[in-house]
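So that you can tell them apart, the chains are marked A, B, C and D in the order they are listed, and the count of residues begins at 1 in each.
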Amino acid sequence: MSEPGARGGSATPAAGPIRLLITGGTFDKAYDEISGRLDFKDTHLHEMLRLGRCRLELAVRTLMMIDSLEMTDADRRLIVESCRAAAEERIVITHGTDTMTDTARALGLEGLPKAIVLTGAMVPYAFGSSDGLFNLGSALSFVQVLPHGVYIAMNGRCFAWDDVAKNRDLGVFETRR
Amino acid sequence: MSEPGARGGSATPAAGPIRLLITGGTFDKAYDEISGRLDFKDTHLHEMLRLGRCRLELAVRTLMMIDSLEMTDADRRLIVESCRAAAEERIVITHGTDTMTDTARALGLEGLPKAIVLTGAMVPYAFGSSDGLFNLGSALSFVQVLPHGVYIAMNGRCFAWDDVAKNRDLGVFETRR
Amino acid sequence: MSEPGARGGSATPAAGPIRLLITGGTFDKAYDEISGRLDFKDTHLHEMLRLGRCRLELAVRTLMMIDSLEMTDADRRLIVESCRAAAEERIVITHGTDTMTDTARALGLEGLPKAIVLTGAMVPYAFGSSDGLFNLGSALSFVQVLPHGVYIAMNGRCFAWDDVAKNRDLGVFETRR
Amino acid sequence: MSEPGARGGSATPAAGPIRLLITGGTFDKAYDEISGRLDFKDTHLHEMLRLGRCRLELAVRTLMMIDSLEMTDADRRLIVESCRAAAEERIVITHGTDTMTDTARALGLEGLPKAIVLTGAMVPYAFGSSDGLFNLGSALSFVQVLPHGVYIAMNGRCFAWDDVAKNRDLGVFETRR
């Protein structure tokens, strides 16, 4: 069932570890009871992977823990360089949804020989009503099968980096028209 | 990025609705407070899809709500025929983990021109510590990119129907050795 | 076991309905996924009472849904008058923790012939890690047994209105020294 | 506000530690994913007290972890003797709901100079829809203000040991008619 392609993709799940880069976003927001505000503490990723009973070989790294509205060009360069330098061919990045398409574009333009999937959450994982765990399972699955390229995985769907936009009224991701 | 193959597969997300067949399993077990036992009531699938903010076009059908240890050949035939009769080319089946490989085998032997992914949960969705939502996101993603065939999606991984077994001591799915 | 006292108290659970006045506070904060901020939507009280399988006769009223840091004198007067006008002799008030002692004081100075217990939460009920449900059970229980007076129920404890302060560093309530 | 009575009760919160005796029951049931059945592992009490941000001085002891349907006379004698031997004047006991009234009776007949409140849950705490946290807050509050005696705290209410029965059809506690 293997379909080797010029871009290194395979339509069957690839072997080898997957790199998981954490950048924060709503995904990891926490409620600070002393200040009454949302902020970042430790990532919830490890707890989520335990909950999902995920048995994939993963190399997890926290690059930053920020709201993506506060991401600078320097932050995006760090993400791009981390992807370039990673030994792994398959990378999932957790990211705030507000500027996820910007980071996806910065990565897409690099044309790295890797499959990179960005995902996030509309509601913090710390809330009972979060989409975080669903999106994590989705992104980790897409990244194992998609050919090299840069994608966004949200709402159960998968979008190419150059054909996606966040619909800010509905809070969902869609292809551009 | 399209890799047309004899088996109708594609490594990029396919368009068209996905059929979601519900058969019960631990995934959907509920706690009955009057009897003190676990049983089945309504499926949690719709609530889970809402939580995941899933925007895929889905045709959801409940075939049965049983523990897979109680599945009979007649039950499996119903699952096979439902898959054959479905208009959709891509199908996800929620199923108890105990005999998931048996149903996967029954389907695999049919060689239907469809991508079929079975998934379940080790802990009922009704529990806070369930892997159900993670697995649902995983299965719905795999089914969009895998070529025609029958698969099991558990523990973040994807297994071909003829190379998977449930490790009953550890409660995880693995390839056979 | 009845100890009738000048202040109408009783050390055994009183009969008759209990009034539950909702004013908002962290207790009822919700996460708005479009704005990314915390705000107020419908109260969670009814859902919490269902979860607790509460069989008390309750008259539930929402007076306002605000952060207690934004409470004005007019808001407090509304709370006081609602307590005065209530047919019930026993009242629980859900309230933000930041100025709960101020409202308790305003009520305490009125000397109403009622048992009034204020409670709240350090973490919104919408979060999995909320103290809301615990505090609600606590307040509803204290109000059934305490003599007439005004109290704050937090952290499993019960404080008289004129001997309590919020320790803002630790985020807990204590008696004043 | 103190009402000293022959039975040592007080309608204002008592000082001094409260003993918390754990016996299991639905309160503490856990789902075993390997067997697919409900059983007992470690108690959830400590986690619940943390969630409730409970600042009471508590002496917590696990006496047993069993379904109350399996309680024997020997088990009940252990509970009675533990209450008698406890240094504390105020005791909360977590217990299965099925035979809670039997244990309450065994304790009531002893006439110990203590306030003892039994509570439990209709749905295991491990489930998102549990009444456990509400009942725990309720019991810990009642025990601080009730006079000496034996009580059951369920459904937000408090019942004297000799005037309570579990309505098995509805799954709630009521006074006997």
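Everything below uses one rule, namely that a residue touches a chain if its C-beta (ideal position, glycine included) is under 8 Å from a C-beta of that chain, and two chains touch if they have at least 3 such contacts.
Given the structure is predicted, the values throughout are model-derived calculations rather than measurements.
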Contact distance in steps, from chain A to chain D: 2
Reference chain A; chain at largest CA-centroid distance: D
Length of the line joining the C-alpha centres of chain C and chain D, rounded to whole Å: 24
Inter-chain centre distance, chain B versus chain C - centres from mean C-alpha coordinates, in Å: 46
Intercentroid distance (Cα basis), chain C paired with chain A, Å: 42
Residues of chain D whose C-beta touches two or more other chains: 122, 128-129, 171
Arrangement of touching chains [line / ring / star / complete / other]: ring
Partner chain B, residues of chain D touching it in the complex: 26, 31, 33-34, 36-38, 67, 98, 122-124, 126-129, 168-169, 171
Complex contact set, residues of chain C against chain D: 1, 3, 5, 7, 9-13, 48-49, 51-56, 122, 129-131, 133-142, 144-147, 149, 153-158, 160, 171-173
